[in-house]
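Letters are used for the chains, namely A, B, C, D and E, taken in the order the chains are written, and counting of residues starts over at 1 for each.
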Amino acid sequence: MDLIEIFQQVINGLSRGAIYALIAVGFAIIVNVLKFSNFAHGGVLGISAYAGYLASSQFNLSFIPVVLIGMVTGAIVAVLVEFIAFRWIRMQKGQLVYFFVTSVTMLMLLEQILVIRFGSFFDTYPYDLIKVKFINIGELSISVTYLISLAVTIVAFGLLIYVFKKTKIGIAIRAASNDMTTTSLMGINTGMVIIAAFVVSGMMGGISGVLFGISTSLSPQIGQVVVKGFIASVLGGLGSLTGVAVAAVALGLIEVFLVSTIGSGYSPVVIFALMIAFLLLRPQGFAGVSFTDKA
Amino acid sequence: MGNELLRVENLTKRFGGLCAVDCFCGTLEANQIKGIIGPNGAGKTTILNMISGVYPPTTGQIFYKDQDITKFQPHKINHLGIARTFQNIRLFQNMTVLETVKTAYSWRAPYSAIETLFSSPRVQKFEREIEEKSMHFIDMVNLKDCAKSNAQSLPYGLQRRVEIARALASEPTVLLLDEPGAGLNQTEVRDLVELIRRLFIDLSLSILLIDHRMDVIMQLCEWIYVQDFGECISQGTPEQIQNDPIVIKAYLGEEINNA
Amino acid sequence: AEKEPEVVQEETETEDVVAEKEPEVIKIGNLQDESGPMAALSGAVTLAAEMRIEEVNAAGGINGRMLELITHDTRGDVNEAINALTRMVVQDDVQVVLGPPVSNIGIAIAPISEELQVPIVGLFMEDRCTIREPGTPWSYMFLAQNSASRQGESIAAYAVQELGLTKFATLVNTANSYSVGLAEPFKALVRANGGEVVAEETYNWEDKDFRAQLTNIKGTDAEALFFPGYPPEIPLILAQAYELGLDVVMLGNNSVAPTGFAPTTDPAATANTFYPYGIDSSDPSVSDWAAKYEARWETKPLAQSFSGDDAIGIILQAIEACGDDVTSACITEKLNTMGEFEGLQGTFALDPTTHQPIGLPMAIFTITDGAPVFLEWYTPDGPVN
Amino acid sequence: MDFYIVVGIGIAANSIAVLGTFMLTGMNGLFSLGQAAFMGLGAYISAILVVNVGLPFAVAILISMLICSALAFLVGLASLRIRQDFFALVTFGFGQAVIAFFQEYVSVTGGALGFSNIPNLTTPTLAFVSLAVGIFLVWGFRRSHFLRDSLAIRSNELAAKVAGINVFKHKMIVFIIAAALTAYAGSLMAFHTRYVEPKMYGWITTVTWIIIVFFGGRDSLTGTMVGSILLLMAPELLRFTTAYRIILYCAIILIIINVRPKGLFGTWELSIKPLLRLFKRKKQEVS
Amino acid sequence: MLEINHLHSGYNKIKVLEDINIQVPDGKIVVVIGRNGAGKSTLLNTISGLVKISSGSIMLDGEKLPPTPHRIVARGITQIPEGRRVFPSLTIEENLIMGGYLATASEIQKRTLEVFETFPILKERFHQQAGTLSGGEQQMLAMGRGMMANPRILLLDEPSLGLAPLIFTQVFELVQQLNEERNMTIVLVEQNASIALNMADYAYVLEDGKIVIEGTGKDLVVDPRVKAAYLGGVVEE
């Protein structure tokens, strides 16, 4: 491999990582806040991706409105998911694990809705939605959608970290994740707070859906990419969005590295081995914050 | 000393920059009740946590019957004969009091997982056996009426007693109690003191006790360690402690002592 | 482009309406992936079959009997496919089954068809679906289009012989039996013709980012890239190769046709692309059929629509030949001795030792300015005239 | 063969895998997202041993169960000591790795094209008796202290440790039993469908089992088994709704879990005692 | 004025409170004592809206209280719950902000300083996660968090739980101070009956979900029934 090729692969890895990070953050919001892996996020992502597709192909909207439509759709779908799959269980004080179960069911359901509406075939965003698709620097090529993803990720991170650390509503969301009852004793409307969390996560899901859709193609199974978010959010460590982002980018780089060296075939085996090694060495995840339950 | 059960040497625990326990040394002899007192955050619970294996100490060693148990896992320490209760009650969800107490017997089961799969008769025999024993301890802490009710929906004061029953069911030699008196009124505290004394005599236990209720500590303990900011600032008999000006200043305050 | 094969005219077949002896309908099973990942391809087959059956029924049915298509979903899952097939035969009493364009299901149901003794005509392109062991076919399994190996070999032969290429790279979805099934014969033929496979890259089912593999290929001296796969991946591979400046001949499979030059890909990205296809879409009879299909279903036909029409056509021809004796046994026998069949893909017969079409060439296409251009009919042995 | 029996065999075999998930995820709250990989391993190993090596069916099943137990032990060693969500991740990675292995080791497994020509050895009797035995085994397990330990660990791991329960060992035992059960189910399935392919064993398959367990009731063996039969049959029963059947299937699950957040059966367990009592009382009434 | 009339409440099928009548005049300290399981916490939880009223009513200034906890808080009733219930993964600072959720930013700042003055240990540990605090420190935080709301009516459920003697006295001084300086109405549930009754304007004794004795604090301290059951009977020594 010559140097150019290595550089190109690094760019490829970072690009992949950028998209993963975007997906992972939306996923991790609910993980961190409500303490369960919300696989329905994949469904939110999928529906928004198709909404953006319809907006761009049927109504010829341009990039920014399409992204906005994706965000709004994401938020709406996420809130709907909350209503359908989580609200009742929460009100009846069901166990956390049920959220996981209903969320996966929701993912399947949303996926099937897409299968019925769009067939299992695939669609692509109009070619000219983004005028410049990629940039060449010398022999290197960088995809513009990935650059946008990277930028959006960074901005979203800044915003989210600010919201969760500094604003009352952000802290309230985290408080609710600890103890709903006590949170309501603080005068906080927990129902609204949870919805707020889903709105934020849904918006992130919407953006990632549209960007992922633009940079690839759409199929009803698009939402399954949420497993990358799952991997990154666990590896990232609980309670840290930064850790999640780092983990997502690392995952992208490692995948590309493995594909370019040993090929895609056995790379899940190596990733499995790396995962174990990493967790044994750093049980607190990338972020390093570990919340110990005091006895 | 011949009948020394538990000995800790230079036990230290740091959390980041905070030194929660600094070089604590102490012993517990067979058939003895000792207490640890000290202001909030002085490191009392942390000492219990280290003895029971919940936290590994930063430095220092713990000996039980002259065996170094510093690095042992909590369940191993329990098997050796050291049981504890929690300051922040930790009961199991959706379990009755009886079932909660029974968990302490699990590790004594004489059969393996394979046998249970094939419903070996020993399984039910053992179950009946421990049911009887568990009821005995539940009775001891006066919870017989609640044996079949959900442990977590009991009132706070009774939940503490479930914790004690569970610890007793481990049939320990050493019992570590973390604030058993919290949330009890004066009458109930009196009952508690009697209960602990009875346990102490009937089961010939050695007890290490943490509490902020001076009536509990002073009536029960032969010897008291006083912790402040992680350091052991004083130790002695109840009389000595009650009159130690350092302790009065750091912990007891004038009024309480005079009352 | 020349007009090569003739297309069957359905209307003429169903002229002879027999007096109604027993108006019992003939049930044809349709085993398809309706809700799984291959639903689009399976759906195309179903649509083609339904359209054909509507027409036949409108014209009075076969030998005076109406036809009914009984569709059951496999969800792309083998166990469900077996359940569904059993259900069709045992409960719904179908005499013949139209199979899915999914090889894994085909391989799985081959022994079951033997047990149930029901003929299945399908689009499962893997040899193992129809060939039990070399020389012996599965008695009840029939393929209605060129096999994967024939398709792979045809494009390989074309690339070697017509384009004069010698150094190849492959990009294969190792999770996809179809992709794997095309790649192996491709590589074998290339090597047999003195060519070289200089890079063998792979990807997995969910992959949508092929830059790592393409960058690797760029680092070799490959002159052409063969990338057999399912439709969703194809525009991505083309676009990403273009982005990375991978300037080689791109060789596809029959999934390229309805997708690769979609208006969503930069025309520049599709230049220098060649792919085999079952039909010559520029042929008027084919394009007429395509227009009819589009008018009926409001969607463009896929490769599977054309071959699906042929598959149902073969079934109907066999049923017709059975006359009053529409039973599994008779249909199987007629399929075995079918003789010539005129379909959208051309005129072909089924080889009794393989149960696959014989003498069916592949249409080689290229893409010019984003539009498909028919080049010539080709077989692994060379061009057809 | 009778259609219902064909479907029934599949349900019985899959229900055995659900039993494994019931122990692991239902009772113990351990989310293995790679459980289907054990089914795959059981299926492939036993099939290869019978078809390629020529071992007897029973021996092949036994070997595949042993190998799966050993693998579960290794995976558990690496993942059961650390935080719970890591277990989900590591098992997920394990599942992906196993599938990759099936896909890539073409010379033995047949790769993406799958492994075929497996003889039809799973008779209806074998399948149904196996399920009955499986239920009996798990039932026995639940009548011992293991049920209590599971609940205790699930709700407060630290308190369970301090009460003397060897949490790691407990989880390991459960994980190994679940893996062995699932492997057995895989063998039965393989010799029923007579064809195996890597795709069958992805995380979605695992998740369907998890859904079944929670649908029926994680705290009720009866519920899980009833749920298992209902939900595994549902796709067949809902066939008349054609394309909408998966949507309906999901909707049913969501409705049930919303309305009964402890699962269909909650903690209710079928037991013979009340039946016996009923019987006795009747006798008395008669006499 | 908070009035509780003929209140019945409980959990699902379990009835806990029966026919409770309590009056809490503005600016007064009302104490509720009773054994473990008498229903004291249930009473406070019913006022806060956590436990559903099955019959009877709770009126604030002659108006019925809203049905949801957060709206009750908005009416000026804050509970400091039993067993601390701090938010374990939030820092001390964030816990306090949550306490003052309905207040403005500047008020939060002001009150935070007040809390720090009262409990200096909390200031030292500003950024420590509340879950890792010691039991007593958590209790102080819970107290501080309640102060942040600066409510009209403060419901205290065993505020002395797990506090060292020095802090213990301090907390009761604080309660009195809040009552006197801010004219805060206090409903106090406490096991240390003697101290509680001594500062009470009015007190109720709860037994098995029913009020069995009521009267001014001074009356109850000397009531022999109360003495026997709650004050340890004959004082030893």
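Quick note on the criterion: a residue touches a chain if its C-beta (ideal position, glycine included) is under 8 Å from a C-beta of that chain, and two chains touch if they have at least 3 such contacts.
For clarity, every value in this text was computed on a predicted model and none was experimentally measured.
Engineer: Need the graph distance between chain B and chain E over the touch network, please.
Structural biologist: Minimal hop count between chain B and chain E: 1.
Engineer: Moving step by step between touching chains, how few steps can get you from chain B to chain D?
Structural biologist: 1
Engineer: On the document's contact criterion, could you list the chains that touch chain A and likewise touch chain C?
Structural biologist: In this structure, the chains that contact chain C and also chain A are D.
Engineer: Report the chain whose CA-based centre is farthest from the CA-based centre of chain E.
Structural biologist: Farthest from chain E by mean C-alpha position: C.
Engineer: Pick out whichever of the two, A-E or C-D, is joined by more C-beta pairs in contact.
Structural biologist: Here the pair linked by more C-beta pairs in contact is C-D.
Engineer: Using mean C-alpha positions as chain centres, tell me how far chain D is from chain E in Å, no decimals.
Structural biologist: 50
Engineer: Once you find the CA centre of chain C and the CA centre of chain E, what distance in Å lies between them?
Structural biologist: So the centroids are 76 Å from each other.
Engineer: I'd like to verify one number: the distance from the centre of chain A to the centre of chain D, where each centre is the average of its C-alpha atoms, in whole angstrom.
Structural biologist: Taking the average C-alpha coordinate of chain A and of chain D, the gap between them is 30 Å.
Engineer: Residues of chain D touching 2+ other chains?
Structural biologist: 100, 103-104, 158, 243, 246
Engineer: Using the touch definition from the top, which residues of chain B touch two or more other chains?
Structural biologist: 45, 54, 86-88, 90
Engineer: Using the touch rule from the top of the page, what residues of chain E touch 2 or more other chains?
Structural biologist: Within chain E, the residues that touch at least two other chains are 132-133.
Engineer: What part of chain B is in contact with chain D in the complex they form?
Structural biologist: 52-54, 73-75, 78-79, 83-84, 86, 90-95, 99-100, 102-107, 109, 111, 113, 116-119, 123-124, 126-127, 130, 166, 170
Engineer: How about chain A: which of its residues touch chain C in the complex?
Structural biologist: Those in contact with chain C are residues 1-2, 5, 8-9, 12-13, 15-16, 112, 115, 119-122, 124-127, 133-134, 136, 139, 141, 143, 216-217, 219, 221, 224-225, 255-256, 259-260, 263-265, 268.
Engineer: Quick one: in the complex, what on chain E touches chain A?
Structural biologist: That would be residues 48-50, 68-70, 73-74, 78-79, 81, 85, 87-90, 94-95, 97-99, 101-102, 129, 131-133, 145, 149 of chain E.
Engineer: Using the touch definition up top, name the residues of chain D that touch chain C in the complex.
Structural biologist: The touching residues are 1-3, 6-7, 10, 100, 103-104, 111-114, 116-117, 120, 189, 192-200, 235-236, 239, 242-243, 245-246.
Engineer: Could you list, by residue number, the parts of chain A that touch chain E in their complex?
Structural biologist: Counting only chain A, the residues touching chain E are 168, 171-172, 174-175, 177-179, 181-190, 239, 291-294.
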